[in-house]
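These are the structures in question, set out in turn.
Two complexes are shown next, each including chain A; its partner changes from chain B in the first to chain C in the second.
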Partner chain A sequence: MEAAERADVYVAKVPWWRQSRWEATIAFLLFIAPMIIGLGIFTFLPIGWGLLISFSDARNTISIGNWVGFDNYVDILSNAEFRDSLVTFAIFAVFIVPITFFFSLGLALLVNSVGFGRGFFRSVFFIPTAISYVVASIVWKMGIFSGLPYGFANMVLYWFGSDRVIAWIGETDPPYYWLVLVTCRLWLQVGFYMIIFLAGLQEIDRSLYEAAAVDGAQSGWTTFWTITFPLLRNTSIAVLLLNFIAAFQAFDEFINILGGVGSSGNISLARPPLVYLYQIAMGQQDYGRGSAGAFILTAIIIFVTIVQGRIFGFGQRS
Partner chain B sequence: MSGLSRDSANARVLRTDVDRRSVVKSMLFAGGTLLFSGFGRADRAVAQDNIRLVHMYHQYGEEGTEAAVRRYAEQYTEENPNVEIEIIWQLGDYGQALNAALLTDEAPDVFEHGTRVPVDLVRQGQVAPLDDLYTDEVRAGFNEVSLASATIDGSIYWVKMLDDTGCIYYRKSLLEEAGVEPPETLDALIEAAQALNTGRQKGLFVGNDGGISGLLGPLCWSANGRFLNEDNTAPAFNTERVAAAYTKLRDLNQTDALLMGAPTDWWDPSSFIQGLAAMVWGGLWAMPQILREVGAEDVGVLPWPKADDEGTPATFWGGWGQCVFGKGQHIDAAKAYVKWLWIDNTEIQQDWNLGYGFHVPPRIEAAESAEPLQEPPASDVAGFLNDYGVVDPPQWTGAMGTALQDAVTRIVREDADAMTELNAAAETVQSELDRLQEG
Partner chain C sequence: MSMRTTRDDQWGELQTPTVGRSQALRWILLGLRYALLLALTMVFLFPFYLIIRNSLMTQPEITSFEWIWWPEEMQWSNFTDLFENSEIDMATGLRNSAIIAVVNLIFQTLFASMAGYALARIPFRGKGIFFAIILLTLMVPAAVTFVPTYVVVAELGGVNTLWGIVVPGLFSAFATFLFRQFYLDFPSEIEEAARLDGNSYFGVYWRMILPNSLGIMAALGVLSFIGSWNAFLWPVIIGQSRDSQTVQVVLSSFLTAQTINLPALFAGAAVGAAPLVIVFLIMQRYIVQGVRMSGIKG
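Then we have the complex of A and B:
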C-alpha cells in the first residue's frame, strides 16, 4: 500500500516547497556550492568572456566593447598559418594516435599476463604520467637529443659506428624533430592508456578463455583477435578519443622542444594549432583573434568527437 | 516497512532544532566565509603616505646584476624614506610575463622594455609619457636613436638604461691555423665557416634555429634594406637585394657548418667559450665573460658583414629602457624614481652599464668617458654600434615580426622563392600598418 494511504503514518498534502525534503535539498546545495562556484568563476566565466572577446578587437587588453562581429573568425580561418597548423596537427595525430594505441595495448597485455610483480610493472610504466611535460621536454631537448657530439642520442650513434653528429632539433632534411616530439609524448602518455586497457582487460570474463581452450583455440593471437579485442571495443574507442583530443591539445612539448628565448625560428617547423594561438594571443597580444581561434578549435574537436562516436557506436553494448 | 521507518526516522531527525547535520552546515558556512574573506587584496599604500613601487626587471645573464638593482633600490629608499621599492626579477620569458602583468591592475609601476616601445602598448594607455622628464638639456644628453625608438606621436615613452649591440666573436688562433682572413662580406663568411668546420667544432653559431630569428634584422640591413620606410608607412624589406641576402642564409644553413642544438642560445657566450664553434654571433653584454675565459689576445670582433658589394655591415641597436605604467596609482612617484635612477645618477648608470656585462651608456657623456669601452675589442664594438647600428621602429609590431620571420623560415627551410615570400610578408605588414594608422 502507498505510504500516503496508511493510517499510522500521516503525511500531509503540503505544497512541494514546504515538503520536509527542502532541508535535504538545502544541504545538498550548500555542499556542492563551493565546487559549482569554483567551476563558475574559473571555467564558465572565462569561457563566456572569451566568447565575448572573440567578437571584439582586443589588442594588449582583455576588455570587451570594441565589437567587430565575425572579423576575427574570418581572419583566423583565412590565415594560411592557421590552416598549416591544422595540417601539422593532422600529421602529428596520424603518427601519435595509432602508435600510442598499439604500445599501450601491447603493454597492457604483457602486464596482464605477468604472473609475478604485476603491481611493480604497472607502477613503473605509469610513473612517467606523473612527470611534467615541461621537464620531460627539457630532458629530451638538452639531455638526450641535443645537437652536440656528447648528447645521448649522438653518442649512441657513435657507438654504432656512425660519424655523423645530428642536430636533432634544428635539421629539417630529414625532419628528426618529429622523432624527438613523438617519442617524448609516447613516453609520457603510454602508461596512462595502459592503465585504461588493463581495467578493460580485467573486465573480460575468464570463462570465455576456458571455453575457447575447450573448443581448441590456440591461446595467443587467435584468442586475442576473437575474444580479447572485440570485448575491448568500448575501451579502445575511449582510448582513441582521449588520445585524439590530447593530440589536438598538444602544446607543452612543442613549445619547449622547438621553442627557446632567442631562437624562435624553430617553432614554425612543427606548429600545432594551440602553439599558433599562443603566439597570436600572448606573443602578438591579439586576444580577439586568439579567442576566436580557440573557439574554432573547440568546434572542430566537438565535431570530430561526435562523428567518431557515431562511426564507432560509442557507448552501445557490445 | 523498513523503508518507511527510515523515512520517518529521517523526518524526525530533520525536524529537530539543533542536530549534527545543521551544526556541520553552519560550521561549513562560517568556515567558508572566513576562508574566502582572507583573499582580499592587501592595499598598496602601506601607511598614510608610504608608497610602494613595484619594479620589474628581466633576468640579466651577468652575475651581480640582481644584487645591484636591489642596491640601487635601497639607496633610493634611504634618500626618500616614504617610498619602498619591490623588485621583481622575472625569470624566463620576460615578454610574456610582462604582457600578462600589464593586462591587470596589478602591473608593475616601473618596468623595462627591450629595443623599443611598441605602439599598441602606448595606444592602450599602458605606458605613461615621460615628456616632463626630458628638458632640453636632458634631451640633448641622450643619443637621438635611443629616443627615436620610443617616440610615438611626438611623446617619449621611456628612459633608456643601456644600449646593446651584437658582433661576431672569433678566435684569432683558429682563423690563423685555417689560413682564413676575418670575413668582410657574407660570401666570405660562408666560406670561412666551412673552412673552420672540423666536425667536432663547427664553424659558426648564429642560434639554434640557424639564424632565422637572430639574423632577421642584420641580414636585411646589411643589404641596405630596412623593415619600414622612412615615414614608417610602408614595408621596405621586399627588395631584390634583401631577398638575395636571405637566400644566402639558406646556403649557409645547407653547408652543415652551423652549430645547432647547443645547450644555450646565441646570446649566451658559453658556446664560444667552450669552443663549440669557432665564430659566434653574440652580444656586447657577454664580452667581459668572454675576455675573462678566453683571453683578450685570442678574441677578435667583427660586425655582421655586408651582404653584397654595395652593402654595409650591420648590427642591431638594441637595449633596454625604463617605462612607467600608465594606469598605475603612483605615476608621479614612479617618474621621480626613474628620473633619479636613469637621468640624474651618473654613477649608477655607469655601474649598471659596465660593472657586470658591457653595454653602451645611452647618455653621450657617460659613453664617451666610460673607461672599459675605450680599449679594443670593446671600443671596436662600440664603434660598430655608432657606425652600423640600426634600430627597430616603434611601429614594427609583433605581428609584422612574425610575418617576416615565417617568410624567412620558409625561404631557409623549405627552399621557397625569396622574393615571393617577402612580398607576401609585405602585404601582411602593410595591413598591420594601415590598422595602426587608423587606430
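Then we have the complex of A and C:
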C-alpha cells in the first residue's frame, strides 16, 4: 500500500512545485528572500528616502516634500565645520594608517620569528580586538591620560622627575589629544591587522627563502625586501584600505574621549566627519542636511575605493 | 662580518649553516627578541591591569598622588554596587547587549548562509542580478549612512526598541559573499546524492550544507557577536531610553555624568568587557579564521 503510493508520487503525480525547474526557482527565491528584503528595507530604502530628504527642508521632521533643491548640499559643503571635519580625518589618517601598518607588520614578523611561546604572544597582541572603543576610551581618558596628577601618564612623568601635570585631553598646544586618540585606536586594532599579516606570511612559500640562501642572498633585511615584502603586496593593500576606511568612520573614541554624548566637552578640538553628522542629525535634528552629508561622505568613500582600485589594479585580491 | 648576516633567520625561521662567531650573536639576538616581546606584552596587557586595579580600589586610592599598584583590600562591593544602585542600569544594559549579540550571531549568519547557498548552488536564471544587487551594497559603508537609516527606522517605529538596534544589522552582504565562495567549493557529489534521495533544496541545506559549514559559521558568527556587543554609534542613536540602552551606551553615559565615580566606572568597564574576553579566549581559533577572511575585503 505504502510502496504503491510512493511509486505513484514518483512516477505519475510529481506536483508542479517538485518539478525541478519550478522547485529550483521557488527554492532560490525563498533562500535569498530574507537577505534581499532586509537589504531592501534597511539599505536601499534608506538610500532612496535619504536622497529625497536630502533635497528637503527636514528640520525636526523626517518627512519629505518641503523641497529646497541642492540647498542642503551647498550648506554642508560651504560649512567650515564640515571642511574641518575632513581635515580632522586627514590628520588622523596620516598618523593612524602608517603607524598601524608598521606596528602590525612588525608584530607579525616578530611573533613569526620565535618558536617558543608564539601562540601566547599572538594572543596577547590580538586580545584587545575583543574590547570595545567605549571601554578603551574609559581606560585612556580616566586611567592612563587623566589630566590630574594621579593619571598614569602624569605619574610616569613624575617618576622621571617632571613636576608638570599635563592636561592630555584639554591641552591644544601641543595637541596632546592626538597622542591619546592614536594610541587608543592603535592598541585596539593593531592585533587585528597583525593577524592578517600573519596569514599573508604563512602563504609565502618557504622554499623561496631556501633558494635565496642557496643563491647566497644575504638574509634578514635583504630577504625581507626581496621576498617577504613584495609577496605581502596584496595583504599590505588590504590592510591599508581597511584601516583607511575604518579611520574615515571614526566616531566612538572621539566622542567618548573628547566629548560625550550629552555634553560637547572638547569635541570641537577634533571632530571627525561622523561626529559632525551625528551632531547635525541627532543634535540639531536636521535630517535633511544630515542625509546630504551622508551622501557626500559615501561619495568620498566610493571615490577613494575606485581610485585605489585604479592605482593597485583590479582583480588583485589575494 | 657585518651585523647583517647574523640576522638571517629573523623573518622566516630559516635554518642556514652558521659559523662559530655568529652562533653566539644569534643567541643574543634571540634573547633581545624575547625581551622585546615581553616588554610589548606588558604594554598590551597594561590596560587590562588598570581596569582590574581600579575596579577593586576605593576612589581615594585611585586618586592618590602616590601610585598604588594593588589595593590594600579588594573592594568587591564596587561590583555589587553596579547592580544595586538604581541610578546605574548595568543589568538592563547587559541583558540588552546579550539579546542583541545573540540575535545578531544567529540571524546574520543564517541569512548570509542561505543567500550564499542560493547564489552558489541553486540554478536560477536571474541569479546574476541578485548577486550584483547584494555586491552593490558593499560599496556603501553602513556607518556612513546612519542618518538615512535612522529616518527609515524611526518611520517604522524602531526608535528606543531593541529590534530597531539589531534588525538593520542582520543583513551582511560581505558575509553572503564569503558564504557563496565557500559553497562554490563545496563538493557537489554529496549534495547530488542527497537530492537523488528525494530531499528538497531545504532538506539538502538543513541536513548537508548547514552541518558541514559550522566552521565558517563559527568564524563569521563570533565576529558578528563581538561587533554587535561592542557597537556604539548605532545603539546610541536608536537606544537612548533606559530600557533599550546597551552596555556600551550605559558605560558611555558614566563618562558624561556630573561627578564621575571612578571605581564604578572601571568596575562597569570590567563587567562590560569580561564576557567578550571569555568568548575571545574560547573562540580564538575561529576569530583568527574570521579575521583572515575579512582580510580579503580589500
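One rule holds in what follows: the second predicted complex is superposed on the first by the 290 of 318 C-alpha atoms of A that agree within 3 Å, B and C clash if a C-alpha of one lies under 4 Å from a C-alpha of the other, contacts with A are read in each partner's own complex, and residues count from 1 in each chain.
Following the convention adopted for this analysis, contacts are C-beta pairs under 8 Å (C-beta built on N, C-alpha and C of every residue); 3 or more make two chains touch, one makes a residue touch a chain.
Since the model is a prediction, treat every value here as computed from it, not as a measurement.
Which of chain B and chain C touches more residues of chain A: that partner is C.
Of the two partner chains, both chain B and chain C are touched by A:P149. By the touch criterion stated above, A:M282 is placed in contact with chain B and with chain C alike.
With both structures placed on the common chain, the touch criterion links A:A270 to neither chain B nor chain C. By the touch criterion stated above, A:P128 is placed in contact with chain C alone, chain B being left untouched.
After overlaying the two complexes on the shared chain, residue contacts for A:I138 are found with chain C alone; chain B is out of touch. In the superposition on chain A, contact is made by A:I62 with both chain B and chain C.
Once chain A of one complex is fitted onto chain A of the other, the partner contacts of A:I96 are absent, as it touches neither chain B nor chain C.
After overlaying the two complexes on the shared chain, residue contacts for A:V165 are found with chain B alone; chain C is out of touch.
Of the two partner chains, chain C is the only one that A:I32 touches; chain B does not reach it. Chain A residues in contact with chain B (one complex) as well as with chain C (other complex) are 23-24, 27, 30-31, 34, 62, 142, 148-149, 260-263, 265, 282. Contact residues on chain B toward chain A in their complex (touch as defined above): 4, 7-8, 11, 14-15, 21, 25, 28-29, 32, 92-93, 95-96, 99-100, 102-103, 120-121, 123-124, 126, 199-200, 207-214, 259-263, 265-267, 276, 397-399, 402, 405-406, 408-409, 413-414. Chain C meets chain A in the complex at residues 4-14, 16, 30, 33-34, 36-37, 40-41, 44-45, 47, 50-51, 54, 62-65, 67, 110-112, 114-115, 117-119, 122-124, 127, 130, 133-134, 137, 139-155, 167-168, 170-171, 173, 176, 200-202, 205, 226, 229-230, 232-233, 236-237, 248-249, 251-256, 260, 262, 265-266, 268-269, 272-273, 276-277, 279-281, 284, 287-288, 291-292, 294-298. Those residues of chain A that touch chain C in the shared complex are 18, 23-25, 27-32, 34-36, 38-39, 41-47, 49-51, 53, 62, 107, 109-115, 117, 121, 123-144, 148-150, 152, 155, 187, 191-192, 195-196, 199-200, 204, 206, 209-210, 213, 218-224, 228, 234-235, 237-242, 245, 248-249, 251-252, 255-256, 260-263, 265, 274, 277-278, 281-282, 287, 290-291, 293-294, 297-298, 301-302, 305, 317-318.
Interface of chain A with chain B (complex): residues 3, 6, 9, 20, 23-24, 26-27, 30-31, 34, 59-62, 81, 142, 145-149, 151, 163, 165, 167-172, 260-266, 268-269, 279, 282-286.
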